[in-house]
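One chain, chain A, appears in both complexes that follow, with chain B as partner in the first and chain C in the second.
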Partner chain A sequence: MKNVLEVRDVHLSFGGIIALNGVNLQLREGEILALVGPNGSGKTSLLNCICGFYKPQKGSIIYKGKDITKTPPHVRAEMGIGRIFQTPYIFHGTVVDNIMVGYVTKNRNLMSLLTSKSTVEARELAEELIEFVELEIYRNSPAHGLPMGIRKRIELARVLMWNPDTLLLDEPTSGLSIDEKRDMARFILELNEVHGKSILLVEHDLSLVHDIAHRAVVMDAGVEIAEGTPEEVVNNPEVIKAYLGE
Partner chain B sequence: MVLLEMIVMGLAAGTIYGVMALSFVLIYRVGKIVNIAVGDMVLLGAYLIFAFSGLGLVEDPVINLILGLILASIFGLVIAVGTERFLMRPLYGQSILSLIMMTVALGMILRGATIVKWGTVLRVFPGQHEVFPPIPFTIGPIEIPYVYLWSITGAFLIFGSFLYLFRKTLFGFAMRAVSLDPEAAATHGISIKKIYTYTWMIAYVAAFLAGLVLGAINGITVIVSYLGLARALPAALIGGLDSPGGAMLGGLLLGLIEHTVGTFLNAYIPGIRAIIPYIVLLVVLIVKPYGLFGTVRIERV
Partner chain C sequence: MGSSRPCGVIKESYAADMSFFEKPFHYWAIGLLILILVLLPFMAPEFYLNAILLIAIFGITIMGLNLLTQAHLFSVMHAALMGIGAFTTAFLSQQLPFFLTIPVAGLMAAAVSVFFGLPSLRIKVFYLLFSTTAAQFIIEWILNWITRDIPGSAVYTAPLGLMGYQFGVLEQYYLYLLITAIMAYLIAHIGRTPLGKAMVMIGEKDYAAQIQGVDLLKFKAIAFAISGFYAGVAGSMWSYMLGLVTPEHFPFLMSWELLGVGVIVGGLGSYVWGSILGSVMIIVVTQVTTELVTVLTPYMPWLGASAFGLRAIFYGIIIAAILILEPQGLASLLRKVKRYFDLWPFSY
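Let's look at the complex of A and B:
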């Protein structure tokens, strides 16, 4: 399988604090790669570098063979990278409004964004995705005050509006109940197996990683300490040391 | 009957305060920029409408003035692009104070440019007396100066268009998304630079419409700039800095109080009418620090 995304020797620091210290990572086409590690190990910072939220001081990000290190975040999205945040990013409006805004990535022309034709198209697509994430009953509810599990699904549906090939999911199951976690895992698997999305999954729940990920990379203190199948990494002494100490 | 007339006049004047406040609030809501240049944008609009309608492209004075407004607005779109690209964009990510100081500089540049081009002599729009006849428009027993009919119509059009844009179109959704968190919006595929530019465009067009009305009421002179800021700021703060609907309601409330309470008290305390907006502002901010419709910020500690 060829690599869809490559992170090469990425360094990122904030003042004197080193967040990433020469990280290398490859996401293969059609796989679910889990990125695990203790809090503060640099997982979210790495996702932020990949989607363009942060600019690394050194190193490069290659997407589908193209160096995107200096590409603006909205262009990376347009190229096929969709990212969901640990705390869902939801603006004041209904559930369907919040999902429809993802259509802007597909169609950048201002004039067409003002027409009812594009609004109708976006609404139709949003309705399909509302069905996919099973939010039919919340369709016209104000999105801002909804529970975390619902807001995570809204954000996932929004990202799917522009049909990205690659998904960066930052702790998609954190703060969810067991049932909600199961549903989210089902959506992730369907996106991977049925729709062929390559997925980089930041996740603390190792049993979920074990169940759905093809490979896992473990990070600690801004560096990659282990890589392999989920079974291999959880038994790796370095990983045990990072999580439990000496 | 006098009171009813004062109420109608107050609401009519309030519509244009609301339009200026909308211009101010939009820039704050989307870009988190306190735009001190709003009054100077209003002034520039008045002069540009004066200049374009002075070309006399059509004979009918009403159409000529509307054409002047349209051409000035098109020119305003270009200035909006320049404002965002060359003055604001280099400062994104810098302190709020830097952005405010840049708007102060923008105001000085715009005001200075009008003085260089048109001097300080009071001017009136070409054909002003035909477009805004001195005899007021009468609805039953109420008399309203014609300029306020323009104000009401213009405010209705611009506010209605804006509300449609903001609430019903994908462009409006993108604006709302950027106003919440620009970096996250960019990650979700929205070009924030474009949204900022379009927001400045709307702000300029709204300010130019206000320039037409204030210029017609007061004559076109630098005083329009001070009046613009002096009314836009309290109207925006009363309504709530980040609420476009609140901006219009703040403007209406301000106009209403100014033309009723202000006019009444002015008979006893000459000059108080000019400071009434700020007294109202103080009362509102003491009772509701985020304005009547502003977002209450809750911070985790």
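Let's look at the complex of A and C:
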């Protein structure tokens, strides 16, 4: 399998605090790669560098063979990188309103965006995704006050509106109940197995990683400390040390 | 968590689900409003017609400003943008008919709005207020400079008419109602499109919107362009109504009034009804407070010339009272009324 995304020697620091210290990572086409590590190890910072939220001081990010290190975030999204956040960013409006925003990334023709036809098309797409993430009963509900699990699904549906090839999922199951986690895992698997999405998954739940990820990379203090199958990394002494100490 | 829609309303297509009017009584209500507005010239004196025209003019400006404010792009240069529209019309009205001068005035104001809105990519909220304040004064200065050789800086606008026929108050009234209806339809439509929804997301979480593919520069420029166009069209209409325009017609305080009273008191995010109600507030409250001061002044001779200052105090008290009672603006009140009738006869 060829690499769809490559992170090469990425360094990121905030003043004296080093968030990423020469991280290398490869996401292969059609795989689920889990990125695990203790809090503060740099997982979210790395995702932020990949989607363009942060600019690394050194190193490069290659997406489908192109260097996107200096590419603006919205262009990276247009190229096929979809990102969902640990805390979903939901604005005041209904579930449908929130999901329909994703259409502006799919259809970048301004005049077309202003037509009723596009609005209906966006709505139809939004409805397909509402069905995919099983939010039918919430479609016209104000999204802002909905539970975390529902809001995470809304954000996932919004990202899927423009059909990105690669998904960066930042702790998609944090704050969810067992049932909600199971549902989210099912969506992720379907996206990967049926729709062929390559997925970089930041996750703390190692049992979930074990169940759905093909490979895992473990980070600690801004560096990669282990890589392999989920079984291999869980039994790696460096990983055990990072989580449990000496 | 239930749906926010009234029960018993069944939609069979997405287009129907996104329609402006959900129930038959909505059509009846809007039909009744149109009927009243159409028949008003035959029942009310000219003073009231002029008041309605002013409400329409300021309402149009506030519609555009409402969209801009929804994207958290706070602007206090909209009086000046109206000025751009008004002066463009005044200069062109001798050569071009109104159906050309009005859109040209809108486009001119849109271009100026985009130019002064570009810093919004880097600066936000209070900082943007300061930069648009600067824009207001720069535009005012430019208008003064352009008219420096004209006595009183007053530029005359040709009377509104078509092919040699000069419009009277009645024709102007119906024309302005038509333009307002078109502008209201367009802004409501924009609000329903994914582009309109992206504006809301930009307002609340611009960094997240960017990560999810929204080009902030492009969308903010679009918001300023639309908003500027609305201000320019309104300025053009005002120019025809006044017959002559001077830079003093578009002061800084008017910009604040448009934002503070028009958008916030009217109802942020309610592009049509909130904006119209905000405009009603500006026109009606100004008139009422002026009348109030006129009535009260003879009883308070010790106030002398400073009695006129009472108008601003009354104005402020009324605005503050409305915001305390209805923090979401007057549009929220309207929504409650609509909700009551949506659920009637089982309202709670």
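Keep this in mind: the second predicted complex is superposed on the first by the 246 of 246 C-alpha atoms of A that agree within 3 Å, B and C clash if a C-alpha of one lies under 4 Å from a C-alpha of the other, contacts with A are read in each partner's own complex, and residues count from 1 in each chain.
In this text, a contact is a pair of C-beta atoms (placed from the backbone, for glycine too) under 8 Å apart; a residue touches a chain by one contact, two chains touch by 3 or more.
No experiment lies behind these values; they were computed from the predicted model shown.
Asks: Sharing chain A, do chain B and chain C clash or fit in the superposition?
Replies: clash
Asks: Quick check on the superposed pair: does A:L146 touch chain B, chain C, both, or neither? Answer first, second, both or neither.
Replies: second
Asks: On the A-aligned overlay, A:V120 touches which partner chain: chain B = first, chain C = second, or both, or neither?
Replies: The answer is second: A:V120 touches chain C but not chain B.
Asks: When the two structures are overlaid on chain A, which partner does A:V104 contact: first (chain B), second (chain C), both, or neither?
Replies: In the superposition, A:V104 touches chain B and chain C alike.
Asks: Is the number of chain A residues in contact higher for chain B or for chain C?
Replies: Ranking chain B and chain C by residues of chain A touched puts C first.
Asks: With the two complexes superposed on chain A, say which partner A:Y138 touches: chain B (first), chain C (second), both, or neither.
Replies: In the superposition, A:Y138 contacts chain C only.
Asks: Using the touch definition from the top, say if A:I240 reaches chain B (first), chain C (second), both or neither.
Replies: neither
Asks: For A:G93, using the defined touch cut-off, is the partner it touches chain B, chain C, both, or neither? Pick first, second, both or neither.
Replies: both
Asks: Taking the two structures together, which residues of chain A meet both chain B and chain C?
Replies: Touching chain B in the first complex and chain C in the second, residues 51-53, 72-74, 77-78, 83, 85, 89, 91-93, 97-98, 100-105, 107, 110, 113-115, 118-119, 122, 158-159, 162 of chain A appear in both lists.
Asks: Sort out for me which residues of chain B touch chain A in the complex.
Replies: These residues of chain B touch chain A: 165, 168-171, 173-174, 176-177, 179-181, 183-192, 194, 198.
Asks: Give the list of chain A residues in touch with chain B in this complex.
Replies: Residues 51-53, 72-74, 77-78, 83, 85, 89-93, 97-98, 100-105, 107-108, 110, 113-115, 118-119, 122, 158-159, 162 of chain A touch chain B in their complex.
Asks: Which residues of chain C touch chain A once you look at their complex with the stated criterion?
Replies: Result: residues 1-5, 14-15, 17-18, 189-190, 192-195, 197-198, 200-201, 203-205, 207-216, 218-219, 222, 269 of chain C touch chain A.
Asks: Would you mind writing out the residues of chain A in touch with chain C in their complex?
Replies: Residues in contact with chain C: 51-53, 72-74, 77-78, 82-83, 85, 89, 91-94, 97-98, 100-105, 107, 110, 113-116, 118-120, 122-124, 127, 137-142, 146, 158-159, 162.
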